[in-house]
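Once you've had a glance at the structure underneath, I'll fire off some questions.
Think of it as A, B and C in the order they're written, each chain with its own count starting at 1.
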């Protein structure tokens, strides 16, 4: 049982990390609070489902289309809403929260709830590693997820666009003087964050079914990971994902499933009280106070 | 000739400035009207409405209190995404006191308001030192966490909740107490916020470094504002528990967090009267939309976004402006 | 010093995640002195002030004020003990009239303590204080909304906010920046008046001519370190200072 828990904890951690890096990109790195993140995640899942089941597209096409559509929605959200309230972080929160709410509740209202709302797994098979039974989808998630995280790390540290993202988070005015168009960058970061959320949804949703309630859960989990790990730090996101992932799995196996979310939520509170910049956040120390 | 829009104070607005308002009844009415007429209407409504709409009025008052609570926090620079936390805390405390110890509503409601305020303030104390966004995140998370906690530990009635509370003796008492509380909160805290104390709170929102520089402990003032706001929310929750004679996990529902925000944003963020106005508009609206089920929340969300982006001053300030000033086209002198 | 120094800074260091902003800063300040702090941009002047006034915690070192150790204390407590500062980037409450901006410092516990209980009418005191810093009473300048006031008045408002706290030590961070010569000339008498009242003043400035006219002593910072400490004349003769400002051959 122990080994099984460990293996599933690793899988859970990668899942959490995948969910969080999109949010981390947008908020931690570009400073744009996107509380519609969870909603975009679910939106993309439903879009893929509709492409697959209503329009009859092949699975990969539906998935790619859905990711692109979600990115467009993210960009539109920025262009028409966030742009007007940019800088007032609290209005950003309210506005994006309102949008996310509207999206999720529309789906709930239109009746998109039920077991038939699910996406097929990529490869319907399973293997045994170290005496533990793992289904292929989960294995794929670990592989794809790890690759995605490294790709994103390389992007934010080694490409001009990625560095620009981090620039406007650190000091927007300086970035402007360097010729970085902060609005365009913010737009791109919101769109990319949305795209990553969509990508994560495509890979993770096949494990279960699509439900609007998941949207709130995903937002909370992403927030938890980013806060604990330290906003803006990819290493922090990884560490926090593993910490929470392991804590959740072990709580689930050895205590009871009810307590899993409580553990993550309690962890957030503890971190905020003790080291608010997160485990790995450094430069935010000044801005954290006041 | 090109024209521009000019906005000028109305004649009567100028005539009723300062002590000159005492000149004639018309000026005094101009000033007193907007204050007394709504109060008069609020006190009259319970007698005029049928049973169904009386219940709606009760709901309006409760949500108005929650919206006022939200607005007080917002004016201090804290955006709460979890009014349900205060509401649910008050509800549960009163439920526990009444269910397990049989205390009467006259005792439980005040205790729940104060203790609810204390507990919520204690829970949020660690994040007061951080950027506003962390406060918002934690207020979002805490109600959800408490729901899971109750579900997991099955305390306080668990998923079924506690039933069989003492009801409030008479229907009229129910209505008038809550309306009275709403009016008291509205006018009382409005007074507080327009005093120098309120200026400090708003200063904390606008430029807390400057307030800190004046030797004022901003964290202590934020704590005070938090206590007041959570106390109001807890009172609302405690009251409703005795009206419904039930308390359970639904008291932490998202509805109680979102509608107050929508009401305050639509009605006029930055003014308690606006928050109340917003409640008077949105709650009956949501009642009329009750048939559409989950679509209600979609509307709140949409309203929220539209108002925050397009009409950030809210309806109240819009009406206030129209009342005090008028606009006309004038020619631009080149 | 024959009398005990009002402010005593020893071994102050500040490290911002790899950037050494302040390195081993030491100086003393006698009561009634006017000390100037100058240095090229980025030399750490504002950081030094932030460290002393509690807006930033020092990495190491000690700050003594009137003999009391105030190192690392939060800003509001340091203000209550008697140090007031202005900010380089003046940010008043824009939608409020100038005199309403004064209410918050007048609400401060320090003021309450010194005046003994509540001010009867903060508005009246605010108007008086503003008149002292040059807000013409007849023109009712103090009633104007802060967003409508030019920089000269905003700087004076900032000064008034500091004075309202009745501090023993006033620290002015680039008060003269962005002002015309005429505006500077009109503020100098106000600072003179503060000196006559016995207040100790620290001024961070870039406008050396005006500063040297009034400063008793000048400290020069460069890359976070003190490279000169003396009268204005001594300092301007120092090779190190010339090097810092103009570069070497």
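Keep in mind that, in the parts below, a contact is a pair of C-beta atoms (placed from the backbone, for glycine too) under 8 Å apart; a residue touches a chain by one contact, two chains touch by 3 or more.
Just so you know, these numbers come straight off a predicted model, no measurement behind them.
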item: Chain ID, smallest distance between chain and overall C-alpha centroids; value: B
item: Top chain pair, ranked by number of contacting C-beta pairs; value: A-B
item: Farthest-lying chain, centroid of Cα atoms versus that of subunit C; value: A
item: Distance between the centres, which are taken as Cα means, of subunit C and subunit B, whole angstrom; value: 41
item: Interchain centroid distance [CA atoms averaged], subunit A/subunit B, Å; value: 33
item: Gap in Å, rounded to a whole number, between the CA centres of subunit C and subunit A; value: 46
item: Per-residue overlap in subunit B, given as positions that touch at least 2 other chains; value: 209, 212, 218
item: Subunit B contact footprint on subunit A (complex, rising order); value: 33, 80-81, 84-85, 89-91, 93-95, 97-103, 105-106, 108-109, 216, 220, 223-224, 227, 256, 258-259, 261-262, 265-266, 268-269, 272-273, 276, 287-290
item: Subunit B to subunit C touching residues, read off their complex; value: 196-197, 199-200, 202-203, 206-207, 209-218
item: Complex contact set, residues of subunit C against subunit B; value: 55, 74-77, 79-80, 84-85, 87, 91-93, 96, 100, 103-105, 107-111, 122, 161, 165
item: Complex contacts: residues of subunit B adjacent to subunit A; value: 74, 77, 79, 81, 126-127, 129-134, 136-138, 140-142, 144-145, 148-149, 151-153, 208-209, 212, 218, 254, 258, 261-262, 265, 292-295, 297-298, 300-305, 308-309, 312
